[in-house]
Structure formats: C-alpha cells, structure tokens
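Same chain, two partners: chain A is paired with chain B first, then with chain C.
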Partner chain A sequence: MRKGAMRRRDFLKLVAATGAGAVVFTGCDPSTIGDGSPKREFEIQSPDLNPQDFAWGRDLWYATAFAGVSGGSGLIARVYEGRAKKIDGNPDYPLNMGRSSALEQALVQELYHPDRIGGPLALNGDRGSGKYKALNWNDAMNQFNSMITSAGGSVLLITPPVSGSVANIVGQTIKAVGGQHVTFESDDRVVLREAMNRVFGSPRFPTIDLANAEFLLNFGAEFLSDWISPVHLSMGYGEFRQGRADVRGRYWHVGPQLTATASNADKWIPIKPGTEGMVALSMAQVITSKNLAKGGADAGSIYQGITLDDYAPDKVASKAGVTADQITEMATMFAQQTPSVAIAGTSAAAHTNGLFNLTAVYALNYLTGAVGTKGGIMLNPGSPISDTLPESTTGTSYKDWQSLAQKIGSGGFKLVMVYGANPVYSLPSSIGFKDALGKGAKVVSFSNFMDETTVNADLVLPTHVTLEDWGLHVPDPGPGYPIVALQQPVVEPFVDSRSFADLMLGVAKTAGKALPWDNNEAAVRAMVASLQQKGGGNVNATDPKEYFVTVQSQGGWWDEKAAAPSAPSGPSKPTAAADPKFAGDTGSDTFSLLPYPTNSLGQGDFAHLPWLQALPEPISTGVWTTWVELNPTTGKKMGVGTGDVVKLTSPAGNMELPVYINPAAAPDVALVPFGQGHEFFSRYAEKRGQNVVSLIAPQMEAETGALATAGTRVKIEKMNKKVRLSRFEGSVPAYQLEEYPIIEIQNLNQ
Partner chain B sequence: MANRWGMVIDLDRCTGCQACVVSCQAENNIPINTEENFYQRRAIEWIRVERYWEGEYPNVKARYIPVPCMQCENAPCEPVCPVYATYHTDQGINMQVYNRCIGTRYCSVNCHWHVRFFNFWQPKWPDSLKNQLNPLVTVRSRGVMEKCTFCVQRINHAEQAATLQGRDVQDGDFTTACAQACPTRAIVFGNLNDQNSEVSKMVASTNRGYRLLEDLGTNPAVVYLKKIDADPLPDGTKHRYFDSEQASTAKSLAAVG
Partner chain C sequence: MGRFIKPAIFGVIVLLVLAIPALAIVARSYILAPPEQPAKTQPIAFPHSIHVNTVGLDCTFCHRGATTTADSTVPALQLCMGCHSVIPTQDKPQLQMLVDAFNSGTPINWTRVHQLPDHVHFVHAMHINAGFSCSTCHGDVASMAPGAVVQVRDLRMGDCITCHRENNAKTDCSTCHY
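Entry: the complex of A and B
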C-alpha cells in the first residue's frame, strides 16, 4: 500500500462515523463498496477457497491414543505442516467411537505449552529453589547412568498406573536394576479396585452397559466427568436417555452433593456423607423382605456376615438423612424397573468406610441379576497377551505412601525416579514427602513441567508427551472384550525430550541387563507382532508390515468376538459394615469438608492447560481459582454471600477461600474443588487458588489404607473481606422467564 | 434447493460436560479466556453452556443448555450493521466479515441470544501455542466482532471435496467441531432442507422440538429438543435462574409484585 494512503477499513470507519455513512451504504449496492462484495471478502478470510499460498500444505489425520488417567481414549490428530492442530476421537476405536472430552481436546496445549521444559536440566542451587542449568543429553545421560550405578538396586520408580508396552518395559527394567515400582492413583480408585476385587473377583474396572439399562442408581460416582472412562460412559448415557424409541432410561443419584454428574439425574436423593453403604444395605433388606430379588439371588450369601434386618429403612433413615419411604422407593424401583444397575464411586469411596460403601452398593447388582447381563455390569477381560502387554496395577495406598516417605527419608532408597506423577502436590504435607526427598536420595524427574515434585529433583529428563510417543495400552476399563490401543507419534518432538520408555531401556542397559529392544518403537513393533501371532481381532493381514500399518491406522487391536468373562455368582470376600469416622470437631457448628474433582482439572493434573483452567466448573461455573460452596441459608446465617472470604479450619490446617452460594449445597457441607493451589506448574497454574489437600486430615479408609479425602470436618469463620470470584455465571444476562423459558422441560408422560 | 445448515441439540442427552466448548476453541482460534476476561464478563465462547437452577435445597435441580449462534434466517444482527460486515450466506449462515467490521457493536446489541463477541483487546498467545492455531481460520484482531460460523472452513472444505468428485456437498460430508466432540451425541449438525438428513429426521420424529426465543420470529437454524423430566420437583419450584444470587432477588420481586 502507498504510504499515507487511507486503508479501506479506515475509510469505512470514517464514513460510518459520519452521517454520510448511512447515506453511502443505504444508497449503494453492497457490491460497489470497497473493492468487492461482502461475500467475496468473506471468502478471502477463509483461506480454504484461496490459492495455495494462503494456507500451505494439506492436513493429515493420524490415529493415536491417550492412556490418560481414566481409561483413556482412541484419538485422531489433525496435523498441518508438521504441527498438531486438533484432537478428536478416533471413530474406529470402540471405547469412544469418534467422541472426546474437553481434556483430550486440550492435549495440543500440553504439546505446545510455553513452559514445557526444553531439554535436560541439572540442579544448580538448593533443592526447591527452581535453579537449574541446561545440559545436553550426553552429559545428562552420563549423570543419570552414574546415579543408577551408584544406587546399586536401591531404586524407587513412581509412575501413574501404566499398562501394555510401558508396563512391560518398566517391569523388566525395575527387575533388572532390582528396584521397586509404585503407582500413583487417586485414593478413590484405590478403593474402587479393591471393591471390584471383592465383589466381582477382579481388580479390573467394569463396563456399565448404560445403553441397555432402564434404571441407573448411582451412589456418588462422577461417571460423566472425572471417573473411569467418562467419554465411554457419556456415550452410553446418551443412548440410555434417547437411544431407544420406546424406552428412556431413568437415573437417580444418591449422595451428599449435587455434582456435575448428579445434576443430570431425574432425582437427586441427598444423604449424609459416608452413609452410602448403609442405604444400600437397607435397600437390600427391602428387596429381600419383599421378595423382589431375581433368579433366586440369596442376600445372605451376597452380604455375608451382615444381618440385613439391622438395616431396615426405619433404622437407617435418620442416620442417613433420608426417609424410610425414600429408601423403600429406591429399592422397589431398582428391583422392578429392570434392567437396572447400581454403581458407586468418587465421594462414596472417599470415607473411612469407603470400601464398605462401594461393596454394599455393587453387591446390589447380584440381587437383580445385573452382573454380566445386558443393561448391567459387564466385566472386562484382562490383556489379550498379559505377559507381553500387562494390565495396569492397583495404585499405592496412602498408608503405603507413608511407609515409602519414611523409607526415602531414612535413606532406604538411593535413587527416586518420578514419571507422570506429582506426589509432593497430591499427598498431604503431613506425610512429609517433600522433606523425605531432601534427605539424601538422588531424585530424577521425567516431567515436562517444573511442578512441585520436579523442583525437588537433582536431574530433570523431560519426556515426550502423548502426541510425540509410541506405546501400546490396555485400557481400564475396556469395552467388555479384549482391546489394545496403539499410540504413535503424530509430530516430531517439539522440544529436546526423549521417550520415557527409551530412558527405561537405557536404565536396563546400564544395569548390564539390556532388554531385547533397541528402542521404544522397536518394542511396540515387536509387541504388535505378538498380537499377530496370537491371532483374532479386527486386523486381517498376513504380512507383518501390513498388519502393523493396519493396527496403526485403526488405532489399535480389539476382538469383539471374544467371549466375555463369566460372571461370578456373588462377592468373593465379605466386607464388614462400618460407619464413617470424621476427623475434627463434630459439633453442630462444623461442616463436612467434601473436596471434589472437577471435569476440567481433575485432581490438579491438568491445571497447566489454559483451556481447562478457563472451562467453567458446571455447577458453580467457577474458573481459574478455588472457592468454597455453601448453602444459601447457611450463608445467610453466617452473613456471607458469593465473594465473601471465609476461613476454613481443620485439624490439618486452615485456608481462606471466597464463598460461592450454591443453592444445591446441603446446609452442613463445605464443597471445595480439587486442582488449584500449585506452587509450581507453569504460568497458568502457579499461585492460583488453594490446594484443598492441605485441609484433609490424615484419616484412612479402614481396609485399603487409602486417604479418606471426605473424612474431615471443618470450622468456617467469616473474614471481613470480599473478593471478586471469577466465574462464568453472569457473563450473559440469561433470565429464565415463565412465558419464554430458555430450557423447556417435558414431563415424562406428556 | 440450497442447503440450510442447522443444528439439533437434544437437552435430554446433554450433560453439561463442555467438550463442545473446548473443541470449538481449538478449531476456531478463540483467544484464551483469562481470569481477567471473566471478571470483566468478556469471555469469548462461540458456544457456551448455561446452567439454570430450579428449586431450592433439597428439592433442587440444575439444568444445562449449550448456546451457539442461532444462525437466524431473519437475523436481527444483520440490518443494523452500518458497513455490511454481517452477511447472510445463501446456505443460511449468518457471517461476520472481519476485515469489514469497524466495531460499532450494534449487531451485538441487537442479538437477543448474546452470541456475538467483541475483541476488546488484540488476542495474544505465547509464541509456542501459536503452533496450534488452525491455518484455515482467521485470527480476529482487536476491534472486531466475532461469532460462531458453523465451522465455515469445514463447509468450504467439504464443498471443495464434493466439487472435485463432481457432486454437491451432502448432509454428513462434514460436521462442526462441537458436534464432532459431543460425547453423548446431544449436538447433531446437518442440512435442514434435506428431509433425509439426520437433523430433519430428529425434528420430525419428536414433539420435543423448540427454538430459543421463537416468538421473535427470526427462525433460528438451531432446534432444541426439550429436556425430559421423569421426576419433576414438587409444585412451587418452577422458577429457574442462571445466577444463584438472582434467585433471592427474583423471589423478593415476586413478593412485591
């Protein structure tokens, strides 16, 4: 453009700002305005209709997989000019069939995150100072190898639950060096796995056949947001509601909180925290006493050692905060509106009696014949080749973390390696994990981000993220038949990182016991060859290369024709009934603290991704911070409203939080989301909100030793401060008018 | 007959998970909504999920509704633009010509659904995150309005592909980013002028269909299917509010009235 010439947009501004604008534009045909018509101009802005030089290259889609924290999904990634642009669900992959979650969509931000660690780092100051110097990989590997050699088998490796190729490589590596491998899993999952073991005879998570169920009774499980396989279960939920012409599934939710998942229920039955198990036993008593059990199910053998008549509705009702009629109605519905299915998890597992709560609920399915049948609980088989591609193992309990922290602190390990976990943030500080790391053991972190654990490391070896790495995963839960997901790199590594599996292969080599594969990709190819040898499944090719490419393009291997595991006739091991115990003052002026995972940040693992930080928590619509949700009447009594700051005090500590007045909060609970309060973890997570874990008293689930995250009571004190609470609510003036409702509702019988 | 692209959103399937929101942001180069944006009530979400309360504890429910641009046939946002930056395509989509927009925001004022967003600031991404930006979607600059386009770049792409095959673009050739992600299949996209399209069949097969603010006569291309309630709350809990603090305000107004 000639210097000084008026740009067309400036001209338009000028004429619109003057009276002439209206004349010019109403008097002319739009095609004579500027240098073309609006239609033509719009096309220029959408380079798809323009010459090649507007958008170079073409897009390619690659199938891959996300092992994730909740079963994971098959993905497809759109790659343009060597850069990943968009993630979607893999339409071929049975667990999510083209669908995806907000978290999976946000994985591209992990790949291109501005605070990703660019290459190996060595500590260059005090532990925790965050001062590091950059190393090249040769020097870093020399340091790493010398640490492994010096450790002489006294090695601890911490990872999330891993399966398939990574589990194989890690398992063999740790065996080679003589160390110990532990997995970090949220406490409610630790309890859930043990419940599955006792009730269904396998620690594998089950599949819930919602698409064919008519009635769902859910005790606290966040199956639509942060529980096991939320995308798979959400797909089932859609079909449960509107997938059949003649049936609409009915969903009742039982629990102390109207959560993101509970808000989708037809009916929410609020109960006192930790009483899920006794309500389930009471339902069993009703079903038995009214002879509503199916197929000769014997409640005596299902609930061994428990006298169900002690849990008759009138004996349980006031303790659980419900009426006897409500319990009877639930039991009758559950037994009569079949196929029905009962599930439990998340908050129900987060008490000192969490295992009892879960086992009591899941055992209800035996009474109605809902185990291994259409519309009920479908058990999952293990890995198709479990020696080559092992299933993931149960996470370590809080009790065991205590022992491990003591062992690390007393010099029991010479080398601690951490991959994909952040125990310093996730574990209560009372466990002393951070201090233990400072007591002499060398610490190596394989993290991509400077998080609370990594900042205590001597050596940081950044590893590939999901979209850069190879892997084979055995999802947990599966779809009811054997399945293996294939993860492949869709782009070149964005920073100077290495594959975690390659680093583990290097460890084994340093220990003088090299594994049979040169690198991770070779291991994955060899393991796919093992699948081919096994036979069956969705891939029909004899040539090994063709077989591998087909697995690659489809995103995995699965065998829909394989027989489902047979359903047991009842629980394999009884679980004693127990009441919940709470730490802290139980006076009438105290509140049950219910920390809850959100659909975006989970328990804080994804707080570094800005799309997820900015995603409103569905109920409160809160973003970017932490808050405490209180009942409106409670708020009024205390003289606090949304934005007022209160101080929560528990036996473990105290914190100040802004209030959000939640019309669905019970009067005696304080709801606080997990996920914020990171001291480190990138520009998007640091110094934001508070970590509610620091309020949780070190109470354990009685049998599994998991942390009872909902077993703490708090006092709440009004502070004379008010802050603005960042939330989506109020961003648009959305009023629901009687005459013009925004959400229209149809009663079932209309 | 020309295609008329439309959307059916089944509120009985929607769980409020907001996978659609992030999918839209990833596809359409929507700036990161910072904490400050929320304080100023200037967050940009081409599709948003609103939450409404019904009743009071313990008889209380929360309801969700995803709200994209309604792509009105008689769009109130169009005639008010002094520079013809709002433009109606022959396929029924209400478009925004970014390089024509001068930011009067008249269109935003005239949109009853509040689905037009103004760029009060130049959108910023750290350099590394720019690698994710979709090359087929313009990054909007400070001072212009932006809105849902029904993923027009996907429409254009599908039209090109169909032309190369010697045919017209058909229902099912493509879908929008929000509909593609939706785990419960609550959002379905397609051609409302094609009687055999999934959206047309969905609308024809139920008595649950309605349009948001239908009485205004703008003929939106987004059709909602009513939420079904098998267990309605007891009488007297009809009011629904977006902001929890509005509940007490509205009640006191009702008492006065």
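Entry: the complex of A and C
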C-alpha cells in the first residue's frame, strides 16, 4: 500500500456506516474498532482506493489454509468489498473436502476482534501492568534489532509446532542467530507423538481410515472434537456410520468419561482413570490365547518384555473397574469384526503411564493386521520436499519446560521471543515461567492479543492472523499421501501488523545472515517453484505463474498417486507396563481430577473468540465459564446439586467451582474443562471461570516428561453457596408433546 | 362544581403534556417530512449534472453496487481518478479538492441524503433488476444543483407499501423487516 493510502480500518469505518456494517459492529467498543458515534450516523465515505472486488461488485471466494492446532484445514473465505465475511471448508482440499470446524468458522472474529493489538507496543510501566505505549514500526524494529544484536545468540524462540515455509524460515533464522527454537504443544500430543514413534516408527500422526473400518475401539481419544484433525476424522466417522449401504460401523468407547465423542458410541465401557494400557494388554492376552490374531502376528514380539498372561481378564478386571467378561467381549469383537481399528489419546495420554497406555492400545492393531491396511491405521509419508518444507517437530515436554524456565530465570537467555503460544497461562504456575521472564531477559511477543505471556513482554510486535498471511503448511496428520496446504492473504491487513515470517527474515538479516528471500510471499513463491520442480501432484501447468495460480486457487498441492509408506511389522521400541500414579490424598472424599479439552476452547488458545465461548460444551451445554462435573451418586452423597459451589483442593492449589451433575461422569472422577480463567486475553476471555491447570500437580509422564494432566487427586468440599450455571440445557422448559414424549435420563450407576 | 375545577385543570395539563410527543410525531411525519427538508451541506459540491447530462454516464458507472447488491455504494476516489487524473483542475477548486484528497489518501465523508432506519432492509439490486430506474425513488438527480442533492420522495413505510401495492409486490412485514 502506498504512503498515505487508506488503511483497511478506515475503509471499514465506511462499511460500518452502512446497514451491514452496523450489524457486524454491534457490541464492539467504539474506541477501538468501528465507529458508533451518532455524529457520524449520516456520513458515508468515499474511500481512497477501490476494494479488490470492485470490478464485479460481487463476493469473491479465496482458497487459503489454517495451520491450526489440530492438523489444520483447507479453507475458502468469502470476501466482499475487501472484507472477509465467511469461512468455509475448501471442497478441493483432501483433508476436509468442504467441511470446517467451529474454530475455523470463528477465524473472522480473530481478524476483526475489537481487542486486537493495532500496532507495535513498548512496555511503559511495570511488567504485568499492561501499560504500553504505541510505537511506529521503524522505532519498534530499531528496538527489536537492538535486542537481537545485544543478545548475541542467546535467543529462545517459542512457537507452536510449525511446518513448511514457516518452519524453513524459522529454522534458518535461528541457525543464523545461534539461538534455540522450542515448540509448545499440549502434553497429550507430546505423549502421542512418542507413542507413534515407538509403535509405528515415526512421530508423525497417522490417518485413521474410519471410512472403511467396521469396528472402532477408542480409548479416550476425542477424535470428533479436539484431537488430531477432528474435521477429517468426523468426515471418516460419517462414512463409518452411514456411508455404506450394507455396513454400519460399530463404535465402542473405553474411558472414565462419557465425552462429547463418546456420546456417539454404541457402547461406553467406563474404566478407572489410567488403566487403558492394562485393559489393552488384557485384550491382547485374550486375542492370543484364543488364537484370534491375524496374519501370524506374534504377540511376543509386539509386546516385548511383557508377559501377557499376567494381564488375563480376571487379573485386570477389578483394577480397571470392569468385568472380565467385558474385556473378553471387547477383545473378541475387536479381533472378529474386522476391519477393526483401536485408537487412544486425550485422557488416556494424560497419566503418568500415558505412553504405556497409548503404545499398548495402538499395538493391538498389529494383532488384527490393521496397520497399513484398508480400514485401519494408515501411515503418512510426510513432506514431499522435506529440506524445503520441513514437517513440524515434537512439542517440548513439561520436563524440558522446567529446565527452560530455570535457564531463562538464571540469565541463560538474553532474549525470549514468543509467537502463537501462551506459556504463562498454559504451564502450571509451579514451573515459575512468569517469574523467570521477569529476571532480566528481554521478552518480545508476536501476539495479536494482550494475553498472560504478552503482558510480560518488553516489546509487542503484532503479527498477521491467518486470513492476512502467506504460508505453506505440511499438515500433520495428512490424508495418507503427500500434501502441502497453501495459505494466502484474503484481505489486506486489518491493523498495523506484520507477517511473523517477515519479522524472522528481518532477524536473520540483522544477524548478518540474510536468507535468500526478500519477504514471506517471495519465500512461498520460491517454495512452490520447488514443488513444481519435484513434479507430480494435482497441478499440471508448465508455466511457473500458471502453476502458482493453480496451487493458489486449489488451496495447495497433493499427490494422491504417491505410494503409501510401508507399514512396519511391529513396534520399533518396547514400552514397559506401568500403573498410573496420582498426587494428592487418597481418602474417600477425594476424586481423580480429569481436566478435559472442550470442542470449542480446547486448551484455552481460542478463549478470546466469542463464538467459541458461546458454543456449548456438548454434554453439559455449559458456556462462558468453568464447572466441575460430578456423578449423581457422588452429588447425592455430598448433598450437592447442579449450581452448588464446591471447593476443590489439590497439592497444587484450590479453587471454587459450581457443580454440574452429570451421569456421564464416573463416580470417582471430577471432570473440569480446560480453557477458561484467563487473567488477560481480551474482553471475552478475561475473568471468566478458572484455569484448571492451577490444580494440576507437577506429575510427569514417566518416559516422555510430559505433564500428566490427569495425575492429580482432589478433595472436594461443599461450600454452602449456589450460583446459576450458564448453560443451554434446561434454559427453556420442556413441554410434553404427544408425539415426542419426554424421557428421563437414568443413572446407570444407581 | 368548584370541586371539579382542579381535577379538570389537572386533566387538561396531562393531556397537553401527552400531546407534545404526539405533535412531535405528527411534525416529524408531515410538517418535517424528508422531501421538505433543505439540501444538506456536502464537503465537495459534486455536479451530477455534468457527469450524467454532459458526459452521459449511467448512474451505475459510479454506484456500482446498485445492480448487484443491497447497497448502491459510493465510489472510491480511485474510480474518480480514472478520469480525473487526465482532466485539468485549473480554475476548478472543487475538483482540486477531490484530487488533493486522493493524493493525500484522505477519504471524503459525504453527508448521507437518503437514510432508511436500520430495521428496514432495502435491496437496490432487487428494484433495479425489476425494471425501475434510479429516478423512481431518487428523482431527477441529474438536474439538481452541484452539491445539492435532496430527497424527493417520502420513502417512509406508507410510501413503500403504496408502491408495492401498485406494482403487485409483496407487502408482508418480512419483505422489508427481516
């Protein structure tokens, strides 16, 4: 944009003056974005420049991509008069084929958020005070470059797992500067990647071929809401249930909670928290002893170092809280109703023995020949050009975060840069990350919002959001063949932000080792040219410009004809069996604390988007707050009902929460959703509910060092207070209709 | 008899007080009806007459949204400059203001002449594509003095409904209030 040209914000003020703008801006603070001044009600503006779609005056749909936290999706964005109005799934993109998640739909709110940081900020008060002064980019970059130069290679960069063009630029930049790059990923995924590495020989997430499976046995993985690639798996699940004329797939769910995903199952088998691996070994024992294993699978080599007879159903049943018959039935069904597939994740990974739970479950697939076959676990090939477009790396474990916090606190890093992560919120306070940031290191945040980490930064350099930026991403998991998603800006930047990749290119330049690209867009174009040189895939154009435009319009590059990776014959590394360990009292008034990610807020990364805040958690229908779910039997025993406030006390801390009585909670667990309790993070997230992370004791998964988020026991006390829990359920009285009788939900445990 | 005087006076006062808003509504509806209001001041005295009568432009050349969308849309300065970058501004101070605004990247805030309430949805494209000309509602803008466009039709609900009835268009509430 040339100097003095109208900025997007000014243009939108024009739109705000129209009827459509008035609707969109309802509820926004006039002092930030939009213009609600009555004085301007009768004004209408001629902007400086024409909107991009001016020639037609009709909406335009651009293909782009969202790297996201769950594999990402190909998207199309509807743009009218230069403004992104609607997000949908890209019908051409193989992983989601036109479908999209609530999070992806809400990306327009990230773009036009009223609390979005409008330009660079420099700390103008004490850290944590939130007092900043606005800077122009020249001054901000001078400060930034000075920090990089002063740091002299003692730099730490924290990002979420990044792949493709961003991973390439970040990797080369950190190499040029001489710093360290770590990635922030939820603990259950850190464990899952290691499990994949051990069982299937690669930390890449696999593709679950649900569309061709007949039986699904799921140990806790929230594959329809928050697990890896939920949109792709939801599509597969639709085919699994209703896509075939002669087969309706059968789904059994094993776990301590009837989650949003589990509520779709034909059968829920509640087990004690952390006993998933034990049950899987018991199933393996049944399959082996009854000679139900397929293709000569040898249980001895699959479960190396484990004596399966020690896990016969009668020896495991009482420990796991199930009957021996149930285990036998599960094993028989799994072995006989093929193609069958066993998966595990989310809560199963969140224990001190999480890795054992996952490896034991995934190894079951070898017994039924479900690895690398139709209807089973399909391995992904990774990046088509791994040197140019690297895959994402495994997230940093809690154990390593402890070391990093100590190193930051002791002056081991002179500059800490944070992009797309909020470690002060996401890590337990016992790790002391916030305090460490305050001990001398300069902190630069690339956040668009004043979150808990950003408020501790010396310099805030806001970056483009998804709909404003370029990028190439290698999704994890992929669809079973090589794929690269292309992200392109669908609108001009709404605020005075910069591309994160451009800032990284600037860092390398400041360090005297400029990368070969002038900017992020040039890097993306050059990398697409590398794809063209490689050949193959869905784009046939020979002219480089035509090739790039085709990739742009299709939303990426993929090669369906590429050969799938060969499946290994068994796990590459054994995992020792282990029982779960819990921190905290074990008295009769204590419960296993089971924090769970919701389908909307996940781990809290998107709590600033009001559409997601207002999206009810499917089982409790709770919105905008935090609650604790207790079994009706437990509630009756304690004399508490829905809305009564209780105090949860763990070795790490305590908090008061309203109760939601839920028959879908096992009697000995307390379920609390992740995602709320932000001290900072925009008007929609701040001071809502509580952050359950503060209750989690610093228990680690034994082998990976990930935080065992389900490894804490809590004591629950009645507080003789009552609040009205905000939820959809019961907000409108149900009236008996002749044709639709009201049925009462019965508690199976009573 | 005297005991009724005070209540009667009180009643009259109450009626007078109640009459004030009623009179205001009547005044708003009839005495100060939109077509009777004076032309509003504009930042630039834009001459529709030159553009339509002399140059021969169609309304939709500038108001491009009118044929395809709800809003008729006011053009960006960049569209004006498509022609005015080669038209001399000498002795044309109003035109110079427009060129200066474009060169400095300053949007022009016009005073809106036609303003329907927020609870009314008027779709320009629907009416244009049904065969109505712009002048049906906006009058002969081409003959209005520079910078003095005025509203010539009532454009309140009665006006809309009358026109809809005359043209066999729907008169359901949800036709406009949705």
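Quick note on the criterion: the second predicted complex is superposed on the first by the 676 of 750 C-alpha atoms of A that agree within 3 Å, B and C clash if a C-alpha of one lies under 4 Å from a C-alpha of the other, contacts with A are read in each partner's own complex, and residues count from 1 in each chain.
Here, a residue touches a chain if its C-beta (ideal position, glycine included) is under 8 Å from a C-beta of that chain, and two chains touch if they have at least 3 such contacts.
Because the structure is predicted, anything quoted here is derived from the model rather than measured.
Within the superposed three-chain model, A:536 lies out of touch with both chain B and chain C [touch as defined at top].
Of the two partner chains placed around the shared chain by superposition, chain B is the only one that A:114 touches, whereas chain C remains out of contact.
Measured by the number of chain A residues touched, the leading partner among chain B and chain C is B.
Once chain A of one complex is fitted onto chain A of the other, the partner contacts of A:58 are limited to chain C, with no touch recorded for chain B. Of the two partner chains, neither chain B nor chain C is touched by A:171. Residue contacts after overlaying the shared chain place A:201 against neither chain B nor chain C. Residues 22, 41-49, 56, 81 of chain A lie at the contact with chain B in one complex and at the contact with chain C in the other. Within the complex formed with chain B, the residues of chain A that make contact are 9, 12-13, 16, 21-22, 25, 30, 33-34, 38-39, 41-49, 55-56, 80-81, 83-89, 96, 98-102, 105-106, 108-109, 111-114, 116, 224-225, 230-231, 234-235, 237-238, 241-242, 248, 250, 252, 258, 260-261, 263-264, 266-268, 270, 494, 599-600, 610-612, 614-616, 618-619, 621, 623-625, 631-633, 641-642, 660-667, 724, 726-736, 738, 740-748. Chain contact summary for the complex, chain B toward chain A: residues 10-13, 15-19, 21-23, 25-27, 32-35, 37-39, 41, 43, 48-53, 55-58, 60-65, 82-85, 87, 89, 95, 97-100, 102, 104, 114, 126-138, 152-153, 156-157, 160, 177, 180-186, 208, 210, 212-213, 215, 224, 226-232, 238-248. Residues 40, 64-65, 67-71, 73-80, 101-112, 115-116, 118, 121 of chain C are the ones that touch chain A when the two sit in their complex. By the touch rule above, chain A contacts chain C in their complex via residues 2-6, 10-11, 14, 17-20, 22, 40-51, 54, 56-58, 81.
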